[in-house]
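Labels for the chains are A, B, C and D, by order of writing; each one numbers its residues from 1.
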Amino acid sequence: MSNPITRTVEAPDASRVARFASVRRLTEELAEPLSPEDQTVQSMPDASPTKWHLAHTTWFFETFLLRPSHAGYAVFHPRYDYLFNSYYEAVGPRHPRPQRGMITRPGVEEILAYRRHVTAAMLDLIGRGDDRLDAVIELGLHHEQQHQELLLMDIKHLLSLNPLKPAYRPSSARAASADAVPLQWIDFEGGLVEIGHDGEGFAFDNEGPRHRTWVDPFALATRLVTCGEYAAFIEDGGYRRPEFWLSAGWECVNQRRWEAPLYWERDGGTWHVFTLAGLQPMQAEEPVCHVSAYEAAAYAKWAGRRLPREAEWELAAADAGLDGNLLSDGCPLHPVAARTAGLGQMFGDVWEWTASPYVAYPGYREPPGAIGEYNGKFMSSQMVLRGGCAVTPHDHIRATYRNFFPPDARWMFGGIRLVEDLR
Amino acid sequence: MSNPITRTVEAPDASRVARFASVRRLTEELAEPLSPEDQTVQSMPDASPTKWHLAHTTWFFETFLLRPSHAGYAVFHPRYDYLFNSYYEAVGPRHPRPQRGMITRPGVEEILAYRRHVTAAMLDLIGRGDDRLDAVIELGLHHEQQHQELLLMDIKHLLSLNPLKPAYRPSSARAASADAVPLQWIDFEGGLVEIGHDGEGFAFDNEGPRHRTWVDPFALATRLVTCGEYAAFIEDGGYRRPEFWLSAGWECVNQRRWEAPLYWERDGGTWHVFTLAGLQPMQAEEPVCHVSAYEAAAYAKWAGRRLPREAEWELAAADAGLDGNLLSDGCPLHPVAARTAGLGQMFGDVWEWTASPYVAYPGYREPPGAIGEYNGKFMSSQMVLRGGCAVTPHDHIRATYRNFFPPDARWMFGGIRLVEDLR
Amino acid sequence: MSNPITRTVEAPDASRVARFASVRRLTEELAEPLSPEDQTVQSMPDASPTKWHLAHTTWFFETFLLRPSHAGYAVFHPRYDYLFNSYYEAVGPRHPRPQRGMITRPGVEEILAYRRHVTAAMLDLIGRGDDRLDAVIELGLHHEQQHQELLLMDIKHLLSLNPLKPAYRPSSARAASADAVPLQWIDFEGGLVEIGHDGEGFAFDNEGPRHRTWVDPFALATRLVTCGEYAAFIEDGGYRRPEFWLSAGWECVNQRRWEAPLYWERDGGTWHVFTLAGLQPMQAEEPVCHVSAYEAAAYAKWAGRRLPREAEWELAAADAGLDGNLLSDGCPLHPVAARTAGLGQMFGDVWEWTASPYVAYPGYREPPGAIGEYNGKFMSSQMVLRGGCAVTPHDHIRATYRNFFPPDARWMFGGIRLVEDLR
Amino acid sequence: MSNPITRTVEAPDASRVARFASVRRLTEELAEPLSPEDQTVQSMPDASPTKWHLAHTTWFFETFLLRPSHAGYAVFHPRYDYLFNSYYEAVGPRHPRPQRGMITRPGVEEILAYRRHVTAAMLDLIGRGDDRLDAVIELGLHHEQQHQELLLMDIKHLLSLNPLKPAYRPSSARAASADAVPLQWIDFEGGLVEIGHDGEGFAFDNEGPRHRTWVDPFALATRLVTCGEYAAFIEDGGYRRPEFWLSAGWECVNQRRWEAPLYWERDGGTWHVFTLAGLQPMQAEEPVCHVSAYEAAAYAKWAGRRLPREAEWELAAADAGLDGNLLSDGCPLHPVAARTAGLGQMFGDVWEWTASPYVAYPGYREPPGAIGEYNGKFMSSQMVLRGGCAVTPHDHIRATYRNFFPPDARWMFGGIRLVEDLR
């Protein structure tokens, strides 16, 4: 397989068209509860406005498919290539990321028109049935799914800054949490194993090549760390005792005055948590969420355990089913308590911080051209997270999927699973 | 007159009502060309979103009139006092200024409903005819007029950051500029004079008390410095030669890489200027605008002259008529070339930087209570500007009016008039 | 008198030589208690290392006298003009101010050799008796005296950052402070007065020209505000109540967490003050020192008074004798309690913050050439202080002397005298 | 082996004493060419003053050996534990790192007295022959050797900021560089190998435990990348072409305006390099030095190769001899050209950036107590470097030694060795 991003299987056109339309429609549905005002503001340099996500995912199809491969395509607007390029140096100059919130025009209506224009042209292009485009189309859809999650992360961050603590979507769903099942440990023998994507079906380039690695015996927790367990760490002085922290993490604690996960607020004696359904009482049985890698590592050290390496996690996940609390119809948009015994919550609920820095697998090579900038150039100073979360589209996750964020990032849905050495 | 902010003359109720309604309506009309997206974003900490201006001016009436003086008034929203307080410490805690752009909710529609609610209650209150409230009502109206100008300054700044360079209002009005009249000098004898407001009609507290001051003989330029004259300064190396600059100004030039006034862009060999009508070719005969006090002082030194002191300016303005290129029906929202001989452009077009730091006049005392925070606490590290500009409401300016900004500020419509010593 | 910095009277050569030698020697004596380590470090961008002061004052004579006017002068080192130029753009490029502490070589010994080299050449030049140089020589001596004070301010700041709280000079002198005399008020009629230097004897360019100004009647406090009085302001919540503060001052209080003057430390229930004799118990009767203009203004507002304008201060000082607690043999290097009734402490002890921004007097013109950069370019965003302090050389102060610092600066010896309006 | 830092072999007392005295003496000899001024200044927060290194290495013995284990020891100064603690949270509060340059007292002489005091007490303690202390003594010596290298790195940085470009030690040694041998490639089969320290002799805790890992076949360059080769990368637009750079590296290039390695200066058409012998013409055959991990990775990508993983490097180094251009008598303090064929320059010359983030080996556990803070808490956001450099003490390096720095750090002697995949 020569191109590491194009490991796709053949798909009949009808299903390709349906999938394309469905992914595009979901993005728009996610934006629907939001006003034009909500969709415009950038809450911090790392986040983007909703309408920028709507436009950028569209720009991706226009830039990598319609412009090069659709002879009759009429470019929607001559400056959108500048406005909506995210970070592709090879494509040309672009609007600076921290300024994305300054672009009040085009407004939401015009961007929706842009989406319709590009979607229509794409459906036309897909209808022509040129197999050579399949890989990039599939990449564009997975790219859009990534931005569906980013859209929800980013709007959650923005709404959290509003003193009125407004809800993205009022919660009927989030009933009082059932008790979580007790945490147990499952042993894994390890040995000389293989991890990474094997080329069947779609995967991002950074998931391959599949390769050998040595894993020592370990035991994995059957479920995620809960809010209640994490609150015990806080009560025990977790944020005031340097002995649990990496040096860089301890600096964050002190400089940013961290005292709890992002979105936790203490109101008198009780914790509240800001969610996509507004401010809610903390539910002790739910998985803790919105912690940084530093907090995850400090918690693990306090608990006398450690975080999993990504090979360990992938080994355990290989046999777990792909379902879980992910983004789909009627989902809560928030992690929920573990309710079944045995290894659970591997997919969905929260991204699980690993102890593994995000580096290239042995034999990895970036794809040629601008698409090569998709993943490779970010392999520095970030940590790998695995398993997806409650706002990850349900058909977007895999056991080999490698998400990555800087260790101090907290606005993604990041949580904790513990591991221990078996000797 | 005991209260320095309340020097009002009696007005019949009908005219009071009409004036109140008219000022309120103008604010809403100024916002009308803007989309909800445009009205929401804060382009920098010094600027505010349009809809924040809409709400804050309303909060002023609610806080200083309806809450204390209207028995039956029902507060519109319990948290708006927190969201829309600008800087009144005595009123209570408030949303931090640099975060005003994060409040996407309430949206524009809800804020317009807030305006209608408060306007109706105010009209009811005014109808009761309680003279004791006149001074604060008048202050509230002048306060709102200040925010009308700020709204236009702030939206100009925001739109300028958009690579599409959109217009607030397309310009049919801005025809090719007529030639400016030649610059001449008018002599003033000076001596022991009086400046400051004398208590007739409305004035802000900082305009009084009227007091004696000594002024040496001087000559004042009959018109403002033009873009063409300023371009000559640039061509002569104005931004590269330290000998013209105050030390703090030279630091700005170097750290912020100033090479021209704000909103000037060089496109090949010619200058363009961003205006409320979008990007336009620079018109040499128009007054130069959007310069800092440092640039104004450097230009004056290059030209072998100096900036006026505020007493000199006020002396000259005392006899000039109050009309000029100000904000009113059909106005260009941009300075225009001087077209008549004699002392001109004293009001409107651009605020004129003076050489006078903004300090209290002898005998000045802040009014008691929260209203005392209106002006007095800002008397530090700012410079006085005089005369109003093209976006100052036409009935808001006076010869004694003291505007003030830090010397490095450029987003207000600030320009230059020269003066020279007569001995 | 054409050149505003050269208003000198004739002096016989012998006294010129003696004065030159004496000023130069004092600088070296002030450095003597300090180790090479002490003399090398720059504690903040605003301060300079002791040995930089030793070298820069020498560079001044080399640059403005020896190079242009001493035919046979051999430049000591070809790069010292780059290393020891402070801020004279017209002289050429220079080492950046915040990097002065990085120049460990030349060391103290080599800089003392540089001093001897230049002093010898200067004595030779003075011996030639060329009157045309007198003004610049005198300027160089006053310049060096300014740096004598800066040297002491800067070393005090540096030593204060050492957790060992070392003394510059152990104090035998600083006996328990006598009671301060009671504060009284002296009335001044004001009227149309003249202030500014009249051209007799040396003055800096910024002290002239002498000019008319109007002063309303006022009463001046007979002595400075004491530490005990200031401590009462602190106890009354002075640093927690916004109503006393200018807006920019209140920001300083909050961002820099000011709770007392610079160098004050609370140890349990009692205040200690870091002095050039190390950490000492606060003496209630001594003048308060190391406050910013913001603190001075807040104290005055709390006390129901205000700070003097510089014309008021100069009017009162015109008849006061020039003696006071200044830098001379056996002086305490620290303000001392007022001990005599009547108007006192006008000179020495602490620089008195005025309410006057530092701007040019009417008719002021900068001298031509590099010397013109001495004062004029700093006339922005600073406040005037008057009267000298305990580390100002005793023959360096005048009633017309205008010192200036930004309103947030605290490391100079700045204190408070109150004034009140008489009607 | 229970304590990961104490894998020491027995040593006769005499040799222990000699080694102790020799290591201590070398530190002092390294400081000898430096004036008190040079020894005092901190050039940036990451660097420390020479005299701080002299004191901190002494504090280490006082804190971890004399205080707990020498009954009769008299503490030299009660506040040195505060002043000279580097980062041991468990030991107590400490002087902030960025403020180390503010401590002008104690001066060099007093710190040398401190060293003599502690050295004498340590020799006494060692003479008592308590085996239980051997491990910590050995750790203290290796700690001091690390600071010998830091001292030279830090003083090089400080002197480089001086416009006079002074030399630490004038170079007679650095003759015109011989031609470097041609770069060749040596194949390694890899497979399931073991790396890490096996417990024989001293090692830091982070070098163990020895553990299995899988290595794919690779070829390693026989020598380091030279300055000439790196200059070709620069000439080819290396610093202007984003396609070679990690995203975070490209940001550094743009924000810090990198155009060449640290200490390179272009003078007209030729490069000069600042060295411990002052500014010297760039020698094309010498190994390139003072590049960041980003520059190393960009160069490798430009060259069509990659950086080694640490397992690859250690595999290759296992059989290489431990000699090389390291810190010892008569050494040049600068990398030198490779002169012999075959695998060379593995030890000494420059630290070789690897592609491996600095993380714990499988099974790693921090030692208990404050000593546990030595290495473990820094395992975040740093990259591993291997092999020592020209200023690493000759008996301080091992094949298993793991040095680590953030990827943007350039002031250590960091260079480049290439690797390529064999399939």
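The rule is short, and it goes like this: contacts are C-beta pairs under 8 Å (C-beta built on N, C-alpha and C of every residue); 3 or more make two chains touch, one makes a residue touch a chain.
A quick note: this is a predicted structure, and the numbers were derived from the prediction, not measured.
S.K.: How short can a chain-to-chain path be from chain B to chain D, counted in steps between touching chains?
M.R.: 2
S.K.: Rounded to a whole Å, what is the gap between the Cα centroids of chain A and chain B?
M.R.: About 47 Å separates the centre of chain A from that of chain B.
S.K.: Just the number, please: Cα centre separation of chain A and chain D in whole Å.
M.R.: 38
S.K.: Enumerate the residues of chain A that touch no fewer than two other chains.
M.R.: Within chain A, no residue touches at least two other chains.
S.K.: Make each chain a node and each touching pair an edge, then name the shape: line, ring, star, complete, other.
M.R.: It is a ring, because the chains touch in a row that closes back on itself.
S.K.: In the complex of these two chains, what residues of chain D are touching chain C?
M.R.: Per the touch definition, chain D meets chain C at residues 35-41, 43, 51, 79, 82-83, 95, 99, 101-108, 158-159, 161-164, 166.
S.K.: Provide the residue numbers of chain D that touch chain A in the complex, in ascending order.
M.R.: Residues in contact with chain A: 87, 89-90, 192, 211-214, 216, 242-243, 245-250, 294, 309, 355-357, 359-360, 362-363, 377-381, 407, 421.
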